[in-house]
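Structure first, then comments.
Labels run A, B, C and D following the written order; every chain starts at residue 1.
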Amino acid sequence: MQKLKVVTIGGGSSYTPELIDGFIKRYAELPVTDYYLLDIEEGKEKLEIVGKLAQRMVQQAGVPMNIHLTLNREEALKDADFVTTQLRVGFLEARITDERIPLKYGVLGQETTGPGGFMKAQRTIPVLLDICRDMEKWCPNAWLINFTNPAGIVTEAITRHSNIKTIGICSGANSMMMDIAKAYDVEKSAVDTRIIGLNHLIFADRIAIHGEDKTDDFINKLAQGSASNSLKNIPDIGFTARFAQALHMYPISYLKYFFLNREMVQTAQQDAATKGTRGEQTREIEKRLFELYQDEHLNHKPKELEKRGGAWYSDTACSIISAIYNDKKEIHVVNTVNNGTTPDLPDHVTLETNAVIDKHGAHPVAYGRLPVKIRGLIQSVKAYEELTVEAAVTGDYDTALLALSINPLLPSATIAEQILDEYLDVNQRYLPQYAKEAK
Amino acid sequence: MQKLKVVTIGGGSSYTPELIDGFIKRYAELPVTDYYLLDIEEGKEKLEIVGKLAQRMVQQAGVPMNIHLTLNREEALKDADFVTTQLRVGFLEARITDERIPLKYGVLGQETTGPGGFMKAQRTIPVLLDICRDMEKWCPNAWLINFTNPAGIVTEAITRHSNIKTIGICSGANSMMMDIAKAYDVEKSAVDTRIIGLNHLIFADRIAIHGEDKTDDFINKLAQGSASNSLKNIPDIGFTARFAQALHMYPISYLKYFFLNREMVQTAQQDAATKGTRGEQTREIEKRLFELYQDEHLNHKPKELEKRGGAWYSDTACSIISAIYNDKKEIHVVNTVNNGTTPDLPDHVTLETNAVIDKHGAHPVAYGRLPVKIRGLIQSVKAYEELTVEAAVTGDYDTALLALSINPLLPSATIAEQILDEYLDVNQRYLPQYAKEAK
Amino acid sequence: MQKLKVVTIGGGSSYTPELIDGFIKRYAELPVTDYYLLDIEEGKEKLEIVGKLAQRMVQQAGVPMNIHLTLNREEALKDADFVTTQLRVGFLEARITDERIPLKYGVLGQETTGPGGFMKAQRTIPVLLDICRDMEKWCPNAWLINFTNPAGIVTEAITRHSNIKTIGICSGANSMMMDIAKAYDVEKSAVDTRIIGLNHLIFADRIAIHGEDKTDDFINKLAQGSASNSLKNIPDIGFTARFAQALHMYPISYLKYFFLNREMVQTAQQDAATKGTRGEQTREIEKRLFELYQDEHLNHKPKELEKRGGAWYSDTACSIISAIYNDKKEIHVVNTVNNGTTPDLPDHVTLETNAVIDKHGAHPVAYGRLPVKIRGLIQSVKAYEELTVEAAVTGDYDTALLALSINPLLPSATIAEQILDEYLDVNQRYLPQYAKEAK
Amino acid sequence: MQKLKVVTIGGGSSYTPELIDGFIKRYAELPVTDYYLLDIEEGKEKLEIVGKLAQRMVQQAGVPMNIHLTLNREEALKDADFVTTQLRVGFLEARITDERIPLKYGVLGQETTGPGGFMKAQRTIPVLLDICRDMEKWCPNAWLINFTNPAGIVTEAITRHSNIKTIGICSGANSMMMDIAKAYDVEKSAVDTRIIGLNHLIFADRIAIHGEDKTDDFINKLAQGSASNSLKNIPDIGFTARFAQALHMYPISYLKYFFLNREMVQTAQQDAATKGTRGEQTREIEKRLFELYQDEHLNHKPKELEKRGGAWYSDTACSIISAIYNDKKEIHVVNTVNNGTTPDLPDHVTLETNAVIDKHGAHPVAYGRLPVKIRGLIQSVKAYEELTVEAAVTGDYDTALLALSINPLLPSATIAEQILDEYLDVNQRYLPQYAKEAK
């Protein structure tokens, strides 16, 4: 039998059982013979807990998949076929300061599109690019399937600063399709839609059920509040019916951070004062998950994992890996290089959109000009993302300041500077690239 | 049972048995209940011969497809689901003058990319746009699958001057994939490639067999002459090995008209003097085909039809109709609007490229910048095509003269003018749009 | 002597003495023989006050310029050579509600780039397009020099919805150059810079004094606070030194509304509560100006006019008219159609940038790609502007709601809707285009 | 007095007296204190003849310009302000083989846009880039004013492969304006026009005399043959009246090589057989010129120099140098980087168009989309030019073959290969970059 080696970096993550579950279900079409879970010294304990659960799951399923646990990057990467990443530099503690610091200034921390995402990118991109350099040595032909957030920004850093083939993924679009499916009481496979935008900043148009156009109908449902429009990790504040009709596209819930900014800031401040920030809540969920994972009788993915956010994410990851492996030419929503998909963004940036997936990777479907109503926001956030990547790679303070200042969630460049200075201060140990410069 | 109505305009064409054969083979997935063959008074005799053969074929196959023969456009189009066109305004006689006139001036007549194609477009576009106006009345939601040549130019005229949904098709890309399949002794379905360019002006790169990259290898075969590189209707003059290697893409045989122009002109002149022009040869083939078709014992597509050129064309047409009907999201090579597929061409023009086909039509896969080595030629021919469409719609002499003058196959604007004047003279009865202007 | 007829629509404006002054000073090169001041019935009294002052100024200067006062549009426009506009639909009262309504919601009213500008555009564009239709009848070859705010948006409406030749102007760039000149104690003519952006959203780079590059030096001055960076009508809150260095361009003061939004909102709220909004302050200034204008001994432009904001605006207007009239090929900063100046904006939108002015109009100097640091904001505001024009022309509520919602100064689509509804309510009499639609 | 140092590389050229004359005439505004004529050992004799004439001219004019003759590049370039180039690698002998070899195959040699230009670029670009490297050392802030042909291609090579500031110039546009001036019996300064295209491939539209539009009128003159349309070095074959009207732009005479290719080939063949190729004729003219130059009584530019082609070229060169030196912001037609001037060409390529010239260099006036009628040809030749630069820099045979094959003047890739092989063979000593590759 041929070997098929998959590696997950950040293998000790609470998400891993999702992935194990996904690979087990697809074993017939995607026979992963060797699955490496790689983590770092500080993550060793979690790695072992998750690893043992993984072994129980595989055994229970009866598939011949070897689970390897390791702290040695070379051993993990050597001749790998697919590498997935789900790492969190600085753990949830860093996320919590990412969220708390901006809130003091009345700004959303938000770990993806907000300053939290900016800061996470500064910590994460150097580590990811270091992994890429090792991949260039040990598995230059492997695919890097990145779902480390901010996924769009991280994927752009990889496409611009390494030679490793990569696709960035996110469970967001999948969740939107699940919402649509639920509204029509059909399977997700019956839903067809067209997605355009950036990671965590996508819009769906042309919504169809079993090939029949339901766009107007679904927008009506949204306007009437009879279709859900939210991810578990995002507060459920609604658009007005009139705005939903005017927009006439289905926006991912993260877009509320932009279109309902003031309301979202208030909610975030209340939540932080009462039930804690999303990072703090997640820390609790994680704690409970790891208690569960240690149960030696548990041999399947526990239901509680769905609360974690990013459910169906293994579905996204495993099905894209399978589409590449089997040269399927299936359409998935992924983060990949624009390359003309829309002339309203530079050729070299990443965007999130429908793409044909085959052995050569992701080939986005041409979209043409963006509708004016969503064009400016997408372009504006993209400019922020480009500077965020540049700051992460160069460690240049001015670039970092400009990046944060032009993020539409920031109400002032002076506040951006204050947040940035606090951020750099508490994250010092994770930011070698900024060390050279004393402000 | 639901009705599925398909109409073929120019139903009396010798190609029709191809289509009948294609629909019969796909009946399970594409149950055409009513197939209308529409023709004009002058084509009545052929329509009846072909129609009877069609009925014998259907009967032999035992599928419940009703064949209707008619000269009444309203009857044919009323509530149609798919309309295909394969008409030839002026019959083969017009094609023969299209070819013979330029040859007197040492210029290729060529019924697609050359002056012949220009002239055919002038005769054909007004007729097609008239059909579109009738479709807007009688079947506004039908798909128009156009394979009337010059297919790219005609499709551009339809997309710019009517509201009818359309896809332009050509058997050329299919033939290229068959050539590749033959070189590796595999089924066509094992071949994967990426196509970019304009109709009859396409290049393939990324050639894969069963998902494995064979680009370099296939280019070697081409350079060594061990892979065939020609359509039946194009003289077999080869590129030098060095040029084949330098180009490093697989060009459709029609590209020899551009890259080996002088040699192709000489061959065309010799052929015209000996075995006749392609139009004259086709007239002979057609004659023999219709003799065969009249044989009351014939109840299948005769083998001789393959010589006609455009074999596999029914394959292309029927499989695209099925992909739309069944919302397949399959990838086909079609003529459709650029819409950002490559920023090196205007957004609104048609190009021929890989596209995802579903119920909403053709969604091209983004290609990005064209390689410089093929960019100029494609842009240059596209400019000619845009003016050709404009001339056909307006009947403006100056636009016609400019169109022909900038066609790269024309060696001089003065010769273009002489050819144009002869053309307009002999085609007068087919060109009402030019009537208003006395030169 | 040849006639040269200039018309100012909104002739009763307090600005008019600026223009008269400008034409008097340039009489030798721009011999305006007939200057028409046109106004509407409600503006008759002011028109007469201003008109008499104008006549006294001309008499004092001894130039043979005939001042005509009229309420008849046909008489004014008939065979005009240049038409300038400085009208204010709804007078300062409308401006004051434009400012006061958003402030209730903690949003800047701002009559140019903010919701105030949006509302002013809704009132103004229909009137301007009506003027254009009259110009198409009575002076189709005249130039329309527009300085009615929001100048960029209004100019875009004219270029997209009429055939009248137009250039949009604003005193902003001129003020910036005056600031630079002051910092180096030189004449404005010694200053050279390159401007890019949208009206009230421009950035200067490549700052030179007598041809010598002073960009770094001037940025240092800005960062150290030793160069002024503000217009009279904009609160003097500064950027931090670090941000000024990071941006490394000279932003027009209006950009503080975006880069220091939170601070500017607070100041605007304080000002509104103490000294009144800018509109209210202007109403006072205007009152005093008209008292002055009535003084029969006044025969020159009074110094107090400079407080009004928009000083040097006559300089801008008259020098551009002279550049067209004399086919000067001089470079001015104007609002004109992009047409490729930067590929980061659509071809058809207006932008504000350096352009060569000659008899054929404004020919912008190609700028190329926008720096990422300013690209997103410019693109974002441009999308708002495009929808603002579309809403003003169609009176479509949804388009209006989208326009306001995507304006970066608005913190929420729900607040945008509340402001819009109040706006439409109080402005009803000025918005015939919205009448058709009952929300 | 301040020093102003100008260097001419290829100082021994017969053109030099033109330049001397130009600098003398402009001495008041452009006080060249030191003028270095640099040449190579093989050009020493000519350099001395030309140098002595230059000194006599300066003396006669009574301007304090020091003429320096040198074979030492460092001495010449050290601290230079402006460097001009007019060199010819391989002398006229190379030009003659450039012309003669293609003619054998029925192809125009043509030293600018044809294969002759391709070959000249291969010899010249490495030398020019070597000069640029020396300039980067010895005069990094100097301007390189290039009029070495093919000027557009050479300028593109410099802008892409060095950091030296450069403008490419050509006398062609100037000649066109002289033709227009002659047709209206006015001074050239009264003519205004807009130029777009590539070097030796430009079109003029918007033709005005004293600011008044004369486009239609001048096109009529062209069509009736009453305006001349030709440069001294290009055979006088005319367009038909109908084509002149249809094109409705004023094309530079070199465009006849493309629009009247067949006729131009025949004429070139006849000329080659009778009066010799252009290179051979030039060799005769040059011989006579140098005889004249040796006359010790000659102390001004001789009239015979005008026959040489490229008259007014000193006018172009000196007036552009003066526009830079004096920060004039004048409009000139130059070769410079596209940078968005037209989105129909890549951002980074050079084009020839109207540009504002100031101390910072050339800032092209935005042109927008190219008219379709000229777009394809310009794009097609630009693709050839890009590959020509790449071939010259890399010495890659395949790139060279592709470049020649896609040049629209070549009738076949096989013939391109034959010409290329002969070319590389006879030019071996000038092509070190090709040495590494044995075909």
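Everything that follows uses one rule, which is that a residue touches a chain if its C-beta (ideal position, glycine included) is under 8 Å from a C-beta of that chain, and two chains touch if they have at least 3 such contacts.
Nothing here was measured: the structure is a model prediction, and the numbers come from that model.
Enquirer: Treat each pair of touching chains as one step and give the shortest count from chain A to chain D.
Expert: 2
Enquirer: If you average the CA coordinates per chain, which chain's centre is most distant from that of chain B?
Expert: C
Enquirer: Where the centres are mean C-alpha positions, what is the separation of chain A from chain C, in Å?
Expert: Distance between chain centres, rounded to whole Å: 44 Å.
Enquirer: Measuring from the mean C-alpha position of chain B to the mean C-alpha position of chain C, what distance in angstrom results?
Expert: Centre-to-centre distance between chain B and chain C: 55 Å.
Enquirer: Of all the residues in chain A, which ones touch at least 2 other chains?
Expert: Counting only residues that touch two or more other chains, chain A contributes none.
Enquirer: Name the touching chain pairs, would you?
Expert: Pairs of chains that touch one another: A-B, A-C, B-D, C-D.
Enquirer: Could you please specify the touching residues of chain B with respect to chain D in the complex?
Expert: 106, 239-240, 242-243, 245-247, 259-263, 372-373, 375-377, 379-384, 386-387, 397-399, 401-402, 405-406, 408, 411-415, 417, 439
Enquirer: What part of chain A is in contact with chain B in the complex they form?
Expert: 192, 206, 208, 210-211, 327, 329-331, 338-343, 347, 356, 358-360, 363-369
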